[in-house]
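The chains carry the letters A, B, C and D, assigned in the order they are written, with residues numbered from 1 in each.
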């Protein structure tokens, strides 16, 4: 096993040691299963408070699961979800929204992974037409899959638009912590216009835990049944809750996100001066999208783990994580510089 | 929090310390996500070997998830699953088979949670009739939900019947380890007639991990996609795999099951002599089903955690776990004896 | 093609000539599709009036489709349907409720195909338990699949029970006309406790048309979308509506049902005196269930078309239809008498 | 009711009188239900012969139903359907593919509603990636929703591409008759590269009947069960079959399509010389897509029934049908001319 830092994904990192320690500490006496335990009570309450969520917070195992559960609270069978073409629910969940929810995704092309009222408006023409899936939910990702963030003003604008149009707002927050750090705002600020959102633990340093946060109280009654039906009810729930407790304790979640974000900025700033390397998206979280010579990509991939995002456009994605260090970034930068420089010189 | 041992469920126990230690040890360098890591490779290979599974072993988070994934490998949309009325898939999964699989369960009443060729035969009359869901899979639980085990002879008889009838055999092995201990046989023995089965880690001492074991190679190709679609693909898969590695290491899984089973036998033998307490099912795993005076049930539940199984019949379920001690059982027995004796005397 | 009357099913008959004539008459000028035409407007209004339905009446093609659409108005994903084991939705729809609705059927054994508050009560124990599909709809068939009818008192008792328990009542009325004739009551009487019901045209003399009748106005908004999504929106809707107009015109539907019912009574009375033939269910519609010597069954099936209902019990089902004549019944009776008598004599 | 010809849709027409006559003729003696009758046998056999279909032909009620049934023969749960963005299955079925099939549609933008190997190729990049729905079926419409036809060469090219890539080819033939007329080829020619296709009766002059034609024998076994489960099994099937018999008899289907097509050509040629009216798509069937001044559209819609296809682009759709006459077209043309001329003069 290669011991170099992976820039492939923030889930290539292990867990933060405080999370692992919390698991061990939660391994004490017998407690009832399925969430009727102190850890779950405390962690769910802490999340509800942090988000201002009147409908509670519920733990599940994966980001896809959080999205499916969250969306299932908001949709009738003939209603669809407006989302960006690049949305995780559209691209990276193997058709789970269609199969498990049974819902149509009404996709919109975007330059930066972000929806706008104008873009959403292009999918609203069919309302009332029985032949068409009815747009009902707007699903955004914060951070988006392209590493960009909605500003609080943009969120407000989307939220007001959705309310005016009778649309629900769902927020895929697999990297919500990174957005909070980047925008310098609270979780409640990020959630204030959402009906339901997810809050990702796994990419933030958990072993594997996500939360579904329900802002409106009247949506909460369905959650326990839908979570169980969707095979996401943990019997030893304390071990999911304890992970969130550890992340929430003393703001570890924000420090973890802040470290990852800072390292992405360091990486982006480092490549800024390298000839032939171009940033494709603004760096607003822990992702750096850059284009470079395909031969350089190939060379770098021999030693470093990262993914090609768009092969024809020669765009790669470099992700940092809570455990990325300055030394990791600098070593990678040195190699990029060497590769790009050498090849450039050789041309 | 009450520090007494729970007899409510084997998932009220925490995890075995070796499992928690394994999680910490797996928390090392970066590795690729989604199972492309050494822990997953090793644990899956070890399970495949132990079961003689040519289609591989795959990790998921919950028992319901394992059942859904396993069954989804075996069914076309119009095919149904013959199972006992008491089966977990019928009773305890909030309709997940119907909603997520979309499949009809063809239930059969049983005295002891066990299917027989004769009982299965009662659901085979509609084959070829387009108006009827077509029986295709026989799903059994080993250990059953009533704590009983199929003997190897019974498994063989079911397996031969299924093959002769063109039926697939699925085995819900949430407590398979307990069956292996009770029957004194190998995992491969238990699996030999099954097409797909689950192997439960959670009730055996894991933090939360189940395996889907695919016996036939030709069923394996669908698994990765269906697992992802069913929201059960762990990004940090090593932390699921490491739990199984710990359980497999040195036969810990079997010792855990053995301890739980032995404590159930101790409990059953202990109550055998108590007037007014009657065993309802033979004790063949880590469950003791007993009937007793409802007033005694109420009194015992003030101090001990366990569930009423069948209120009209005054039947309770007492579960032991890997961490149940002789002292736990003896303390509980003393209280049962005191309660039953006292009340009986007072009548 | 055998020209004898079939006693196999009321759908073996063709259509009433008035229905076919109505189709021809509706084949005039161009009209908008999907129900925006005069026939649909008139027929739906007439049905709404006849039933006292504030949510409207909607046409679909088959009885299964009507049941699925009707139930889909009443269920959230984790909610189940309490029904008799013999219910059409459980036995004769190839798993459509599970696959298309995704809903669990909570079945109850009955002696006569009829649910009672007591029987329904046996499936209510799991409310509030997140592990269990939540009972939400009680689905009854009127006429039942065993040819029996709920009296108006029984309907009232069920309706009051459902309202007290927060359950919805769905009524499968594939043979509702036969119930109206048998009970001598109005369609509104039959529907008064139901939230949604179906009204069958096909078995009543239509070419192929069923109506979903929505009693409560607040359930109506979903219907157009769900009907379209379930592939039941007729583009040339006038041809469904015209069939119902013909049946409603001058009470043809009731005369058709009355003729079928009377012929069943004639048949039942005729066999009453035949040795070895025993009525299995009371004759309250157009079905006669009788048990007789299996050799006699076999002999009769050489010349007459009817189905064996329960082979081990030697029970057959004889259905009459709107076009069954006294001569048809008498010819069949003569053969039954001859067969039963001859064989009995020969024994 | 306005007695003018509708140019709104080919389903605004009633049925061809021969079809209605056939219904009346089929209304004779009792026959078994669900297709076990002479009409169904003959019509299905005739279709199988006409298409060269070894898997048989099966009747359903609507075009959406035909598409869902046809596609359901070809897909596993995690497999998706590549189709044009404009495809009926994507736009006009209220999410039925996602809800009833549970399958993801992998859409492609096209200029003319037609897929090409190149366009299909853009959706093949994710094969083997468990995070992505796997492309498995290519679904084309012949005639497309934009009134265009694939040439036989284009079909061959698509067919060869699909076979080389391991993709199945589904053909939505709601207006297949119009394609046969336009291309001057046989139904077998049109079907030769398809695995499954639909053949529309309704728009061709039926009361309401569609056929699913299964080219490969090994796909046929599932059809009866899936059709029933999808609520499309007609009990009085003879009345569906008789419609197709009438259309097939003496080539009525082709004459009907030919009349509709000829009238569309007449309309297109008529508007060709009108200033301000521009054809948007080539006229290759019974649809004319044209752009014109929005004020003229509004004026024409006061007297004529037709739909705006693309409001921002001022594109309207004019459909002809089997019953459109030269006089209908000429009257409409006169009004278009008057409207466009008057306005143009006034500018």
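The criterion applied here is as follows: a residue touches a chain if its C-beta (ideal position, glycine included) is under 8 Å from a C-beta of that chain, and two chains touch if they have at least 3 such contacts.
From a predicted model like this one, the values you see are computed outputs, not experimental measurements.
Common neighbours of subunit C and subunit D (chains touching each): A, B. Two copies of one sequence, subunit A and subunit B, touch each other mainly through matching residues, since over half of the numbers at the interface are common to both. Put simply, the chain farthest from subunit C by mean CA position is A. Averaging C-alpha coordinates per chain places the centre of subunit B 51 Å away from that of subunit D. Taking the mean of the C-alpha atoms as each chain's centre, subunit A and subunit B sit 34 Å apart. Subunit B and subunit C have CA centres that are 42 Å apart.
With touch defined as above, residues shared between interfaces to two or more other chains in subunit B number as follows: 77-78, 93-95, 99, 102, 130-131, 225, 228-229, 233. Taken pairwise by the contact criterion, the protein chains are fully connected, each one touching every other. For subunit C in complex with subunit D, the touching residues are 1-6, 8-9, 11-15, 17, 20, 23-24, 26-33, 38, 60-65, 68, 93-96, 99-100, 202-203, 207-208, 225, 228-236, 238-240, 305, 321, 323. Subunit B meets subunit D in the complex at residues 34, 72, 76-78, 102, 130-131, 134, 222, 224-229, 233. Those residues of subunit B that touch subunit C in the complex are listed here as 77-78, 80, 91-95, 97-99, 102-104, 107, 130-133.
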